[in-house]
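So that you can tell them apart, the chains are marked A, B, C, D and E in the order they are listed, and the count of residues begins at 1 in each.
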Amino acid sequence: MSFILLIEQVLNGVQSGVMLFLMAAGLTLIFGVMGLINLAHGSLYMVGAFAAAAVAAATGSFLLALVAALAAAALAGCLIEMTVIRRLYDRDHLDQVLATFALILIFSEGTRFLFGSFPLFLEIPSALSGPVMLPGGIQYPLYRLVIIGVGLVIAAGLFLLIARTRIGIQIRAGEADREMIAALGVDIAKLYTLIFALGAALAGLAGALVGAIQSVQVGMGEPVLILAFVVIVIGGIGSIKGALIGALLVGLTDTLGSVLLPLFFANFMEASAATSVGSSLASMSIYILMAGVLLFKPTGLFGEA
Amino acid sequence: EGGKVKVGMITTLSGGGAGLGIDVRDGFMLATKMAGNENLEVVVEDDQRKPEIAVQLADKMIQSEKVDVLTGIIWSNLAMAVVPAATAQGKFYLSPNAGPSALAGKGCNKLYFNVAWQNDNLHEAAGAYANDAGYKNTFMLAPNYPAGKDALTGYKRTYEGEAAGEVYTDLGQTDYAAQIAQIRASGADSVFFFLPGGMGISFLKQYANSGVDLPVVGPAFSFDQGILQAVGEAALGIKNTSQWNKDLDNEANKEFVAAFQEEYDRLPSLYASQGYDTANLLLSAMGKADVSDADAFQAALKEADFASVRGKFSFGNNQHPIQDYYVREVVKEGDVYTNKLIGPSLTDHADAYAADCKM
Amino acid sequence: MSLLDLKGITASYGPTQALFGVDLVLKEGEVCALMGRNGMGKSSTIKVICRMLKHSGGSVTFDGRDIGGLPSFRAAQAGVGLVPEGRRCFAPLTVHENLIAAARPGEWDEARVVALFPRLGERRDQAAGSLSGGEQQMLAIGRALMTNPKLLLLDEATEGLAPVVRQEIWAAVAQLKRDSGLALLVVDKSLAELRRVADHAVILERGRSVWTGPMPALDSQIADQFLGV
Amino acid sequence: MTEQMPEQMTEALLDIRNLHKSFGALKATDNVSLTLRKGEIHALIGPNGAGKSTLIKQIAGGLRSDSGTVHFAGQDVTPLSTVQRARAGLGRTFQISSLAMEYTVLQNAVLGALGQSGRVMRFFAPVMRQAELRAEAMRALELVGLADHAAKRTADLSHGQRRQLEVAVALTLRPKVFLMDEPMAGLGASGSKEMTGFLDTLRQEAPILLVEHDMDAVFALADRISVLVYGQIIASGTAAEIKADPQVRVAYLGEEDAA
Amino acid sequence: MTRETILNTFLFLLLPATALAAFALDEPFIITLATKAAILALAGVGLNIALGLGGLVSFGHAAFFGLGGYAMGILAAHAQSYTPLMESPILIEGTKSMPVIWLVALVVSALAALLIGALSLRTSGVYFIMLTLAFGQMLFYFAISWPAYGGEDGLSIYVRNGFPGLNTLDPLTFFAVAFAILAVVLFFVGRLARAPFGLALSAARQNAERVEAVGLAPFRLRLVAFVISGAVTGLAGALFADLNRFVSPTMFSWQTSGEIMVFVILGGVGRLFGPVAGAALFILLEHVLGGLSEFWHIYLGLLLLLVVLFARGGMIGLIAGREVAHD
């Protein structure tokens, strides 16, 4: 494999990592900071993508579509937080898993009820379409570079929000002892709704951004959800930095694994068997990565006990 | 002539892939409605695309509903789970979509008819088209599961050029940047891919945006009416292979396309056409024999004495279709993306497993 | 006018009733000692005041308004400051973050709290969970002061503190009483200290206020009868 | 009182030598050596944050020492885990109550007896019907005065009652040594008085290393007192000696010491 | 008798009563449904040992369910095609005998649980959830892409396996077999929960520090519980495969893990009969709602939501009261 191709694949890995980060960021915010396992996060991603597709189809504007995605997901987030999620904060993880699993069912079939069973259309704006030439002669889609940029900006913003602002401190205090922070005069319920909506909006944004280069369909959130969980667990729950590093690790492992493992096996196997074995191992690779990380650091790379 | 027939349709109506099942069902029900045959009764159940559920529904249909004929399954793995058990219990099974090789060769059965294609067929047609188009060095791509492997096998069976690369992706993969980079670097002159459903949409969108502009060919699954709108412009001009298209020039097809649009207010898909044909095949046999006489009913089915929307249609010795395959091109008609017939790819084509069938 | 007025409070934890009728009145700038043996309902009374526990009967009036229906953060905003039993510092947060998490502007700020408890200054950036027990207790008091309350509820605030620190805290309480017009409701096991700092006392027995009176009136016979000392 | 005891009784049951533990730059314990002899109560006092709980954790095994050794009943237990040390006979109470909250008081005590019996890998016979375990548990509950509450859920106990249960569970272990981190904390004045009396009798069962801030109790109970300040032992002696020590008064007791 | 005991007895008898009624009415499919409920309940009972008693939220129990299924699939497939599994160093033949298959399923899933548990139990909380999920997913992808036993297509066994002296093809007989196994396992698990091991395990869930301090090693307790739990779920997997005469990688999928968990939570975590109630209710819903609307998942979702939010302690908790009974 040529060096240029390898570089390009690394870039692809980084890019897919950043896409995952967009999803994982909201999840780690909700999951780590508020102590809630939200399986329905993938549904919010889907809501964002569908809202974007619907608005893009009606208005033809990608920018409006993004705004719609943010708004719809945040709204859906607020709604479920106030009706369902807020009753779950003091429950154990099990109840949270079941309740949000139920939300997935409702969201998925509800979306199908509204939009039908066929995938929707959402395209990247023409200003961002097509490849650009990078130094070294690498042709790379502009849109993917933009996603990398957006992801990094969001990472920085979130990091500052949680670590440096008073709201961040209150959120973390609330996670440690919700009742106590309320007894000190912080309206934690409102704060949580806000944060949940923010996490949801991020998921919706991710859905819209990623939906433009993937298929916008019912159930699109579930595979990403699992990956996002893998990411935040590798990175250490509640850590924005961890989510970013974890996402990059997963992106790189997945991309490079699927490219390099078949080549590796081709050294001592017949070609089609090597492709098959290599690809099988590649699809397991991120789980192997996660197991490996947790065995050496049981609370993830940047997690606290 | 012919008594009552009760049909159990097990198909995917909820969750991912529901669109395909809904089309098969709608095509099938359209045909029964048009026939108005009161002897035909249909019960429909949703398999949620889970093999275990499909097996249990089959048990239910057979044990409780006491159906005579089963049909409807979309996916090969579900078919593999249901068909052997159903035929073992003496029920007919008419496949409107899946055609796994195991059921075409050694595992063929008198009670099993495939009304769509054997799984390899559309890929074989794509390989034949690649030869005609003069492709010499194809990069091949499919998901890492049995149907994916069958796809590459099928393509290579007819394709005569070199392989620039063979890659298996994850089932359900959504990002193909890595594979597209491989394609770019491989020196291929063309790309063959089999990525059904959402996987194909993602691939095509990303491919169109990547700056790689090698010609692409694939089976109809990624270009069908149901998902073309979601791919959009990225699909324009791409050649794909199918045994049917809505502009196929025959009476039965015209009637079907018009009636389907009238009834459901959308263009029919490949799957709808297959559901429609399946029902008409069944109706034709009902006119000739009673389902309680299995031998007679089988013979009546095998005659395939119905007006297929594909034009000519007959069964081989393994009760799989012998039919023509066409090349189609994605075009835009007004606001709607759809396929236009370009020309034949394979004619009177049977599948590669028929010889193994001892029936 | 009284700052805090509890009338006939009853309250339960699920099926177990903890309070059966508690009356308590506290004026601005006063210190009241809430006493009783283990499990008699002192903490439950405190929880009712800061709205962590809903009462089932009676009324809670604070600063002239009925706070009985408010959620606990509203009670806190109205001026109820809490140092809870068992400290409940925010373990993963640093000392500094604990202090500013819920701070509201007023005469108490971080500098003043650190002046009161210098050790908190030394440990400013350490996670609260790894502080020693006594350090956590200081932090809990500091944290409550940072909300600039009108009424400070101290539930066993000297538990687990070294005698020197305990003296400091009592000195601080005395100082608060003297200088800031803050009212205090204090639960503590040291009768001697309470005698020194409190103006009057309420004694609970099985969830009922059974004795109320000025501190000097709490003679050894009453102490023996209700407190076992 | 140790002077009157026969020779083998006075030999150290627990012998801690040169323990160190640092958290970053902070030396939580710094070259601490201590002994605990049969029949005695050895109190460990010191300002908040001096390293007392850290030391207890090092002895019990929850925290690995940076250096130093712990000898227990003639055996070097330094390499052993918490569980192994508990089995060897180190009974411990926690500074902040640590109990199985869903269980009844009795179940918590039976759990202790079960741990002591070494018969946990039994999968069939109901544990609450096993007479010896129950008897052992009830004995402990009676000793601490919780017998009347045996059927109550632990979560429903008041703070003080939980402290009592904490001690009861340690009792069921029939330990050779008690490590007690602030057993009086949260007990009211009357509770403390009762607990003091109780610990006084308990030393017959096993000696106690007692960390406590309640000076009335410490001075009433301790045969020896060691004072830990900034991780180091600055003084060690009888109650009278410690009370008189000016260093201790400044660092810990303060001026207006009631005792 | 407490209300819970009465309820349990009722639930327990409900399954055979349904099966017998269906037999009388000649509705063999209802018997199949009852059998499915019994088998899935068994899987849930297995999970409940880890989840309810041990507090180990395993999101990867599909691993054991699938392994049990494949133990049956592989053994029966070899017996069906008369090809041995392995010829050297020792000859291993396939088999169509249920008892042998059960034994293999138990042993294989217990070994897998030992391995997965030994690694996963080093972590806790959410990390444990995800690590068990990871192991399940590894097996899932392996099963999908491993061609020898059908890959994603799975393996079909044309005729149900046999049990000496019984006609397992008869739905009622097979139901009786599955139900008998469920009954035996329930009995043992019921004893286990009250036995010394159960007390210690449950205490380790509530407070591991406390358990250590009384001289018990939480890790060992949990590992043993995880192995028992995995083995029971594995046995259920073998039965499930036999019910369908089919195995496929979906048995390994995370949705399967989720579903088993749903049975447990729906019925009541930590309640002996919780999974029985949960599985029965789930299947009833699937059957009834599935017939009502294409969008029945919405109703299922709403119902689950109501149960979690308002019926804490699951169905059993709702009817019998919140408190888990203590001796």
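In this section, contacts are C-beta pairs under 8 Å (C-beta built on N, C-alpha and C of every residue); 3 or more make two chains touch, one makes a residue touch a chain.
Remember, it's a predicted structure, so these values are computed and weren't measured experimentally.
For the pair chain A and chain B, chains touching both partners: E. Between A-C and A-E, more C-beta contact pairs join the chains of A-E.
Compared with chain A, the chain whose C-alpha mean position is the greatest distance off is D. Chain centres here are C-alpha means, and the one lying farthest from chain E is C. Here the spacing of chain B and chain E, counted between their Cα centres, is 36 Å. Chain C and chain D have Cα centroids separated by 29 Å.
Chain A and chain D, compared by their mean Cα positions, are separated by 49 Å.
Each chain gets one centre point, the mean of its Cα atoms, and the points for chain B and chain C are 75 Å apart. In chain D, no residue reaches two or more other chains under the touch definition. Counting partner chains per residue, chain C has no residue touching two or more of them.
Within chain A, the positions touching two or more other chains are listed as 108-109, 112, 276, 279-280, 283. Listed by chain label, the pairs that touch are A-B, A-C, A-E, B-E, C-D, D-E. Every residue of chain D that touches chain E in the complex is listed here, in rising order: 60, 62, 81-83, 86-87, 91-92, 94, 98-104, 107-108, 110-112, 114-116, 119-130, 169-170, 172-173. On the chain C side of its complex with chain D, the touching residues are 13, 16, 36-39, 43, 85-86, 119, 130-135, 137-138, 156, 159-167, 189-192, 227-229.
Across the complex, chain A meets chain B through its residues 1-2, 4-5, 8-9, 12-13, 15-16, 19, 108-109, 112, 116-121, 123-124, 129-131, 139, 141, 143-144, 210, 212-220, 223-224, 255, 258-259, 262, 271-272, 275-276, 279-280, 282-283. Touching chain D in their complex are the following residues of chain E: 188, 191-192, 194-200, 202-203, 206-207, 209-217, 221, 224, 324, 326-327.
On the chain B side of its complex with chain E, the touching residues are 13-15, 45-46, 50-52, 55-56, 59-60, 63-64, 76-77, 80-81, 84-85, 88, 100, 102, 144-147, 149, 168, 170-171.
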